[in-house]
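In what comes next, subunit A is part of two complexes: it sits with subunit B in the first one and with subunit C in the second one.
Entry: the complex of A and B
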């Protein structure tokens, strides 16, 4: 397990290095001067510019420039936003938790709906239930998310009035930001209206999270179905049924864990897809997350914000990817332990 | 009374409007306490027949039989659920490739304890877990695994193939079966391990009076351990009789070829001469010959062989051939009968 952790950690470090290399090189490809793109200091006086050039080592070769850039990133200095001249790292610290919250809730919903449905489809393989679930998943997969979001707002918040259409929480509640993640902050706060705030925040998150969850859920249905069909066809399931176990026992004791192992690896991959969908959905539902901020900065040609926002988002996706790898190792003894004779 | 009596069992594979008769009217009967060998080349439907007996075949296989009696009970009259309950209580099976037949994500202990059915346990529900554990350890000792704590807590991939097969036998014994079907239990195993597994099965047969159906592709290997042998070829019944009958005076050309094909140390062959084998190979399921399926390869085939032969009985030695070999006066080969 220790070696496994070390391996993941080294993978993380090298991927992060590559990502910073990419975001660094992007500064030279954007129009304008590289140092301005890097720092976002568009209104800098000549003396400030000299200082910045010194700090980013522009007089030396590209390798030293990259190292200087790296040291800035590690110190948490991502430059200023070109549009608002505010500190980007502070803004990201404000915005990222909202995105983390939304995408994790969406991922949870997608898994909770998609995986059991896929299992049911696999158990009823080639029957009406299977075909029904498959056609629903095809339908869900082919609906574009911006249209689905607008449709959801139209039905559930305007016609039916069940859920609010925008924002993270009603403005009436004053919640002190501690961790940035709304639900944890609400539980930590000592406001007398804590539980009202909690239910209000939940009604706000349901609609966007469900809209985001639709596409990943359909992918999970297909993944769960194929992996369950594969597992049900293996010899250990046949041996278990020869042992005299009932079908339910076989499913719950042996089949589910083995097929979950095959799915969990794909969850990390699908998460990148989910975050992309979340960015679009954040715009539609005016969710105060990093996706909306990033799309706005793309509109405003805010190059500094774009490159640091991309860096942070991909870092987040990668962290989730590694976490799913750990869950995979926890579920699968073949991944963590030694094989017979391997010592 | 016969323990198991099957008459004309056929297994059909339905695929794209095309039915393939993988097992064609095979009869099999077993007495209590008997060790019967089921022999045939790979692809001759032995494993299919065994899996049909236990009832673990997929939906795509269709099984028909004229008679299927288990200890005098007509199983064809029972519903599928009743049949499954009855068979899984009395018949246990060990498969080829034991490693693949154990759940890779569950420890051995859990897989073994869940096979012990709660009817065997006495006591209240809070004592059950301990009793199961004790029963599991006892089962492991029975199959010759002394280091039970390590075995119970390890995953299948941490054990050797032979240990996994012993665990599979322990799992099979957990239900206290009357008939144990062993489907090539020693495939891909070293000789010493093979010997140990066979000896374990033989001792189970002698001590517990457990009947064993031993499936193998290697006739010579199992003759030491069996009382009677049934030979199959390409899904058809070939010959059945006692081990001595089959080995010393085979009536069917195919059995004869099987016996001759296994070289032994005192075989006198001129240098660089060909070993005796049947020409050709077993037909694939999509292109089965009509009539006797051995026809194209058979040295004695004649025109009558395009019709499937009926089973003829020579003093309990059953053979399915139009032109059986007439028993010769001096048997070509003798085997030393071992412990069985």
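Entry: the complex of A and C
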């Protein structure tokens, strides 16, 4: 496990370097001066500009500039937003938890729906149920998410009036942001209307989370189905049934555990997909997350915000990726010995 | 019984032909394939077939519902939008923008990706390891996020969207080609032709490529469904096709304000995107299914 950790850690550092290099080089590609794009100081006086040029070492060669940029990032300084002139790292700290909350709830829903359906399809392999589940998953995989979001708003918010169509929580509730994650904040707050606020926040999150969950859920259906079919084909399952275990016993004691492990491995990969979908959904549901902020900053040509948003979002995705790798390795001893990049 | 064929000739169809023979026997895949062909034909001839102009509106025909509705008009089969533009014509023109462009995008990125991928499969050592890690990083960034960044650099517009999606799709093709070429070159028949003295490029061209085309095609259908969705999403966000262009995503975003009064302006482009992606995915599913069956033989 130690070697495994070291290997992941080196991969992590390498990736972070590459990602920062990417977001650094993007500044030179955007229109305008690189130093302004980097810092967002559009209204800087000449003396401030000299100071910034010194801080980012623009008189030295590109390598030192990159190092200066890196040290700024490590100190948590991502520059100012070109549009609002507010500190970007503070804004991201405010916005990122909302996205994390939304995507985790969506991931949870997707797994809760997708994995059991996949198992059912695998158990009924090549029967009507299997084909039905597969066709539904094909449809869900192909549906454009912005369209689905709009249809969901039209049906559930406007026609039926079950769920609110926008925002994270009703403006009536005043919740002190502590962690940034709405549900934890509500539980921590000492407001007398705590539980009303909690149920209000849950009705707000259900619709966008379900819309985001559709595509990942269909992918989980496929993954669960393939891994379950593989597991049911192995000799230890045959041995278990030869021993006289009932079908339920085989499925619940042996098959589900072994096939779940294989699925966990793919959660990290699916997460990148899920975050992309979440970005678009945030725009439709006016969710105060980082995806909507990023897309709005594109409309405003806020290059500083774009490059920091790229960096933060891809770091977030990569951290989740590494975390699921660890969980997978902790659950499955066989994976720890696997060499990265080995053939 | 008369024997017409005295000389029994054994025919070995090429891997690609084998795939087609299996593919042909799956009805669902063939339905998807015919829808795919239909969309390609529509993408090429759509502008000629469309009954009305996609950008010029009829001001006495505003917000006409589809023809099956009581207030509908048969000459505007799918209704009109808020500027009196015929939805059917807009959708037909949109086929060549959304679907046709995604097809071109996939072909460009396939060619570039396969060239880089097969060259990189021939190299080894530090360069190859670096490329591997680099690809991992690029692949870990969501494709749409990357496309959005590239559009932010290049500026909004349909041509920039195309380049952004091409760039985003290339790493996938590099990855799969590299993997497939490495896997094939470990097989005995490649060793045999190497022992015959064939140069690496000759091996690549005559021995390996015919055997990996099917896998690359499977990847291409995946890439195409991603490309359709990406182009439409960028259009929807206002970063792709600009206002008068009848790109499906942009048309949908255009109907957004009138969603409640004229729901068909939102339903129809969405259905068109769904249809195109389902057709592509059915073809892809058929190819993967056929690949699996061929392997089991």
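Methods note: the second predicted complex is superposed on the first by the 335 of 343 C-alpha atoms of A that agree within 3 Å, B and C clash if a C-alpha of one lies under 4 Å from a C-alpha of the other, contacts with A are read in each partner's own complex, and residues count from 1 in each chain.
In the analysis below, contacts are C-beta pairs under 8 Å (C-beta built on N, C-alpha and C of every residue); 3 or more make two chains touch, one makes a residue touch a chain.
Here the structure is a predicted model, which is why all the values come from computation and not from measurement.
Residue contacts after overlaying the shared chain place A:318 against subunit C, while subunit B stays out of touching range. In the superposed model, A:206 lies in contact with neither subunit B nor subunit C. By the touch criterion defined above, A:249 lies against subunit B but remains apart from subunit C after alignment on the C-alpha atoms of chain A. Applying the stated contact rule after C-alpha superposition, one finds that A:239 touches subunit B and leaves subunit C untouched. In the superposition on chain A, contact is made by A:11 with subunit C only, not with subunit B.
By the document's definition of touching, of the two partners only subunit C reaches A:310; subunit B does not. Partner contacting the larger number of subunit A residues, of subunit B and subunit C: C. Applying the stated contact rule after C-alpha superposition, one finds that A:70 touches neither subunit B nor subunit C. Under the contact criterion defined above, no residue of subunit A touches both subunit B in one complex and subunit C in the other. Only residues 129, 132-134, 136-137, 140-145, 148-149, 151-153, 182, 225, 229, 232-233, 236-239, 249, 252, 256, 259-260, 263, 266, 269-270, 273-274, 277-278, 281-282, 285 of subunit C touch subunit A when the two sit together in their complex. By the touch criterion given at the top, residues 11, 14-15, 18-19, 26, 29-30, 138-139, 141-147, 150-151, 154, 158, 272-273, 275-276, 279-280, 283, 294-295, 298-299, 303, 306, 310, 313-314, 317-318, 321, 341, 343 of subunit A touch subunit C in their complex.
Considering their complex, residues 233-236, 238-245, 249, 253-254, 257-258, 261, 331-334, 337-340 of subunit A touch subunit B. Interface residues of subunit B facing subunit A in the complex, by the touch rule stated above, are 51, 54, 56, 58, 88-89, 92-93, 95, 97, 100-106, 110, 114-115, 117, 155, 157-160, 168, 171, 174-175.
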